[in-house]
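Let me begin by handing over the structure; questions about it come next.
In order of appearance the chains are A, B, C, D, E and F, and numbering begins at 1 in each one.
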Amino acid sequence: MKDIMRLCFSLGAVCLIGTAGLVLVNKITLGPREAAAKATLMEGLKIVLPPETTKIALETKEDAEEKDKVIVMDDVKLYRGYDSNGDELGIACEASAVGFSGPIQTLVGINNDGEILCVLVAAHNETPGLGTLVTDRKAQKSIWGGNEDSDGLPPNPFLDAFTGSKASAPKNVDAISGATQSGNGVKNAVAKACHAYNAYKSAN
Amino acid sequence: MSVLKEFTKGIWKENPVLVLMLGMCPTLAVSTSAKNALGMGIATTFVLAGSNVVISWVRKFIPSNVRIPCYIVVIAVFVTIVEMLMGAYAPAELNKTLGIYIPLIVVNCIVLGRAEAFASKNGAFASMLDGLGMGLGFTLALMALGGVREFLSAGTLFEYVVVPGWPDFLLFKLPAGAFIVLATFLAIMNYRRIRKAEREGTSYTPPEMDCSHCHICK
Amino acid sequence: MNKQIKFYGGVKLDEGKMTSNEPIITAPLEPLYTVPLQQHIGAPAKAVVQKGDKVLRGQLLGEAGSFVSAPVHSPTSGTVKELSSCLGPAGAQLPAIVIESDGEDTAAEPMPVFANWQEASPDDLKARVAQAGIVGMGGAAFPTAVKLTPPPNVTIDTVILNGVECEPCLTADHRLMLEHPETIITGAKIIARILGVKQIIIAIEMNKPDALEMMTKKAEGTGVEVVGLRVLYPQGAEKQLIYTVTGRKVPSGKLPAHVGCLVTNVASAAAIADAVCLGKPLYERVTTMTGTPVVKPGNILCRVGTPYSSALALCGGVKEDPLKIISGGPMMGMSVYSLDIPIMKGTSGILLLAADEVSQYTPNACLRCGRCNDACPMEMIPGILSSTIEFHHFSLAERWHVMDCIECGCCSYVCPAGRPLVQHMRRAKAVANATRRAAEAASKK
Amino acid sequence: MVKEYILLIIGAVLVNNFVLSRILGICPFLGVSKRLDTAMGMGAAVIFVMTLSGFVTSWCDKYILVRYNLEYLRTIFFILVIAGLVQVVEVLLKRFSSTLYSALGIYLPLITTNCAVLGSAIICATEEEFMGRIFKSTVFCFASAVGFALALVLFSSVRERLELSKIPRSFQGPAIALVTAGILAMAFTGFAGLGS
Amino acid sequence: MSEQSTIRMPDTSKLVVSSSPHYHDMGSIPKIMFTVLAALAPAVIASIYFFGWRALLVLSVCMVACAAIEALLCRLMRRRISIGDGSALVTGLLLGMTLPVTSPLWMCIVGSFIAIGLGKMVYGGLGGNPFNPASVGRVALLLACPSAMTTWVTVSGCALNKWVVDATTGATPLELVAQNQPGPGFWDLFLGNIGGSIGETCTLALIVGGVFLIVRKIIRWQIPVFFIGTVFLITGIAYMVSPCPKFNPMTHVLSGGLMLGAFFMATDMVTSPLNRKGAVVFAIGCGIITTVIRLWGSYPEGISYAILIMNALTPLIDRYTAGRPFGVARKASQKNA
Amino acid sequence: MIDIVMMTGTGILLGLAIGLVVRYFGVPEDPLVESLNELMPGANCGGCGLAGCSDYANAMATGRAKPGLCPVMSAEAVAKCCELLGVESDTSEPKIAVVCCSGDDNHAAKQAFYNGVNDCLNAMLVAGGAKGCTYGCLGLGSCARACPFGAIEMLPNHLAKIHADLCTGCGKCYMACPRNVIKLVPRSAAKVHVYCNSPEKATVKKNVCKAACIGCRKCARTAEEGQIVMNGFLASINYDNPPAEEIVETCPTKCLRKAE
């Protein structure tokens, strides 16, 4: 009996102390962690919305009893962007669709005229080098100096092709050979976002 | 002198990846680029050193039947701490790529292996040095692997273009490429040892691969 | 005849039997005979003569050393020059007795003749076979008397005389069947008498139609059956022969006796007949001396102890230098490097091969083409076995039944990679035997 | 429903094979694959433990961790449960079936540190598909373990064959095993897209 | 006596000794390999006819690269240089046959390096490799440079007057059927008037070569017959259940790498099972995997993958199909297996 | 708070479960094997003749094998093993292997070209390896491949040479040599050796090897009584009472030499 007690005690004690430590660290990092997650999203939203945007708000229901519910249309979350004067500049839609391997989460910024401003892939699981042809905007830095496009948003021909097309009728962008499925995933996500945007606009 | 040895042995002579063949999963999975490798290496080193110290403190009080659960809880605590810290303060991109592999540091054979093989038999300071050395060796091996893989697949290093116009060579980003690059590393090491043995007039047979180094299931 | 069972595998060989039509010639006396004391499987014979002793033809030189052994007799009359050793075909030194011929060739008192062997007791007949030093003349040289003592609790119902002679080039049995058919049949019946067996079958490959015809004719009315078999190497191998003739499969690791069969070579049968009816011990045999480099290939009745060189001289020497000298046939014979080796009771032929006929082994890895699988009459996997042996996994090879290999050589013959498969098999068998002996010795301790 | 599970199993066994595509459980994959027999023993042990742990962890996740908002303790909790479970199973096996123990038991301690076990538990807890679905999670863990065992058995049979090859000296041992694993991983990419 | 002295006796100082048997059927590895090359000649000619002379360039580069790399690696390993056996040439030719005619030459060389280096020489050269080197090379290239490996040119009749047929890219029949569009007609498929990789288009030429190999007893008929038969059977059943172009068994059997794979790659003796029973299992497995990948996977074609996966299964197949030696009782052999 | 309670509870519960299970179902481990295992060097060389270190430990515990078979283990470790096992330590003298043959290609050439597997036992099966001397080293290196310590070097002219510093006396080479050319002798007595293995008559030996022991007895007469005994036509050293090193001067064929 005594050794069983010892087992319980030692394992319990290790767990106790360990968990206590974890609880502590959890408390400390909870704030920063949430902030970091939010910052990532915000950064993406800032990119897709017009550059003047200073404030971004998640579009929520305004009915009294459903006050804080997020408006979700076809799984798409909508965010409004405002400038410093409080004027609305555009809407960013967060939508995802299935690509080559798993969902591709995209952010689509649409201005007040219903024109697509910018498309950004926020999260995906596509094959590096293949699927990433249509998802990633990566700055090319060279150790030989002469860094191209060191500032501004790195280009991606596939994603940039959406820019300027109308949300009511998004452009049919040509697929990139070798990444057809990823491309389709992005296209579907953009289409979903536009669809949600149109539905939202017509509802309001 | 001997203190130094505890530290340096992990870097080359008992390198956990290239010699002891421990912790293969993160080694292969997270070495797609030099940057990822560096991040993983640092995280693992932190866990290794921390858990080694704690385990060498508590080793006397732990009955042998619950040894492994206890050690692993200690390790898990450190891992969770790393996870939280990274979530809070590390760049988002790094967080995403290391993703699932951070919790898996818990079962990284290196950590439990060193706990069993070293920390459970030595004092706290020596254990910490051992952990740091092993972690450093792990990081270096991982970075070498990640660097080669990144370079071969895209012609870049730490995302800097080294050879402009290098064709995309996807193979090396995939698991298959990871296996093959590591195999080549080991072959080169063997080749050097064989040559050295030949010069010294002795013979060298590459070790059998078994998991006996980790000492967990003796 | 077409319904004959075919054993698995086997290969069709170029027969090269250029001496089929050469009648047996008797070799003249030699000045010196080197008679090895171990011409058989088992313990060597123990010498019973001293240096300087006078001996007569057929006189006992060495007596059987143990149960599995055979006595050795003098091939001619003369003096024992020395008790020494000589090189054997396997490359080891064998104890031997050197006889200096006196040129008289005086016969010793023959052993008493069984005038009416049909009535003699089987045990007496068997004792005579043992006394006469008869060993299997089909190649393995196993003491025949031992073979005629089947293990208890098995009954033998069929005696098969092996006149197949499936080895290319060799014709000694062929000529014997043509020239002494009655002796062979008598021998067969003596064996049957010893074992109390009714069914006697003489098996001959159909590439010897004249011998088949001759034996069939002579066997008529004697109760002996003669069958012609498909020409396919190794039709003459014991297990394959029994399977073809009777449809019985000798189980792995067992003797033919376990399926009620006994196989002897036709020459052994003839030697038994001579021993019983003439009282003559085994001191001479028919050997085929052949090969393209030989000037006049032929079948020679040689005394045991004649050096290969004398037999070759009798055939006119060589036209060109051979690259290989083989004791036995091309498929199972042993290559030797000296012509001083004496002809022994089991030497069925001496074959010389010219340079362009010799296949060289190359150190290639197995291609896994499976041709050896298809050729192996024992239905083994020689390619894999040889690789396991090459990498020293002997116990694995043993588990895969390497001990069943009959060393027929079919696998090496067909291997496109030129792998020395048979050599590997022999090595594994040697190792397995050694381990078994060591284990036995250890358990005895 | 049935189709969903068939696709799930194909996906876990062939397409996203734990070893060859997700790179989890490599240490035992490399370490215990020298002989086919041991590989089979290890495979069976992993199937057993992973299915069991998949069930237990997803149950605990649903009814304890998620219910009380303790997700951040997942790693430590899961590994504790797995380690304890393995220990108990080992002792029981040793006691009640010595044949089974000699076949599987010796691999059990190795499994504690097999990333695949914890990996599958974490995947089940974090991927939307499996969240809160205990049966589906258990099936997934079982299928993943089968995939692990399949890769292990294939790999060890090939490695046995390699004992009959004249491997260059510098590639002997781990190096050639890794090359083989690499080619096997390449071959398995052919299953991409199955089940979608 | 005087006659005796004129007899010439052999010189025993230069004799050779070796183990029995001393006869050999005089088959050899180079003979086999060059027979395979000869059997591939019709397909090579057909590919030049349809794709233009660049096809020959790609094939030659692959063959030369394979041989050169093998020689180099032999040197490095300090082993006998083994290119004389011709197997590297076979590997090179088969690798070239599975590449698109537009493949850049550096890709051919990289592919050859992977095939010979990684697929063969690290395993100790001819006979040691568990995986088909040409398939390893092809799959690695497909993973490494997917876009270059899936760029196909359209073919329209004789191209002997051209360097390479017009560079307009087009879908291969299997890509068409994968999108459920009808493929080309039977004769186009059979004669090779279709897009695809260099060596796979002309079914007629491949069958002629394959039958030649079967007649010369270089390969076993079981592998191609069961391989192709399985693909036909499964797609046939699928077609009967739902008759759409995607399942058309004729298109599946006659297009893609099936003929090349079934006659020349799955039959590689080094990487396929030893005995006939095993060969049948192997071929059926190849057929199943190929069809599964073609019909339900992401790739339009799965021959190379099927071959590699079945290569990995070969040791297991060998183990469980090995027969019992003559006279070994069933129980005994099972106990020892 | 709930986190801490939950984790601690789980820990205690698991501890309880493990404790109970071990208590009621546990099978005790043999402590002897464990402590023996700790003494093993872990080289897994197989020099002991068993399948690796832990097998040997098991074998010692069950009495299947004696301590001291391991060539690598230090003397103290062996003594400790003996102590644990409660047996007297066997202090037999360490051995060393000697290749008793001088017949390299310069002295005893092959009689014919041997075309086959490059291994002594295989060669033995083919005309005895075609070496005129049927007792000498075939020079194809079976012993070198068998030596787990890389102590045997194959000289280019086909003779095995043992490096005394590397040889542990494990005897693997002795087992591997089909010609029994290798002898295991006490290390301390290994000063001079007769490098010939053929008991044949001098005339026979002379025909095939220039360096053979011709049985002239000069060494036996010069040495003290019983230090060198004649074994047929072959001199052999009595390693219990070895002769002085100067004895090598007496040998006319130089097959009696100092240890290399």
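Keep in mind that, in the parts below, a contact is a pair of C-beta atoms (placed from the backbone, for glycine too) under 8 Å apart; a residue touches a chain by one contact, two chains touch by 3 or more.
If you're wondering where the values come from, they're calculated on a predicted model, not measured in any experiment.
For the pair subunit D and subunit F, chains touching both partners: A, B, C, E. Looking at A-B and B-F, the interface holding more C-beta pairs in contact is that of A-B.
The most distant chain from subunit C, with centres taken as the mean of CA atoms, is A.
Centroids built from CA atoms put subunit F at 49 Å from subunit E.
Taking each chain's centre as the average of its CA atoms, subunit D and subunit E sit 34 Å apart.
A separation of 60 Å divides the Cα centre of subunit C from that of subunit D. Counting partner chains per residue, subunit C shows two or more touched chains at residues 91, 334-338, 360-361, 363, 365-366, 384, 390, 420, 423, 426. Of all residues in subunit B, those touching 2 or more other chains are 65-66, 69, 73, 76-77, 80, 84, 168-171, 174, 176, 180, 187, listed in ascending order. Looking at subunit D, one finds that residues 72-73, 76, 80, 84, 87, 164-166, 171, 175-176, 179, 182-183, 186, 189, 196 touch two or more other chains. Considering their complex, residues 111-112, 115-119, 121-122, 124-130, 134, 145, 200, 204 of subunit F touch subunit C. Contacts from subunit E toward subunit B in the complex involve residues 118, 122, 140, 143-146.
Contacts from subunit D toward subunit F in the complex involve residues 64, 68, 70, 73, 76-77, 80-81, 84, 87-88, 91-92, 94-96. Listed in rising order, the residues of subunit C touching subunit E in the complex are 7-8, 11, 13-14, 91, 168, 239, 243, 249-252, 254, 293, 295, 309, 312-313, 316-319, 321-326, 328, 330-339, 351-353, 357-361, 363-371, 373, 377-381, 383-384, 399-401, 404, 407-410, 412-418, 420, 422-423, 426.
By the touch criterion stated above, subunit E contacts subunit D in their complex at residues 77, 118-119, 121-125, 127-131, 136, 139-140, 143, 289, 292-293, 296-299, 302, 304-306, 308-309, 311-316, 319.
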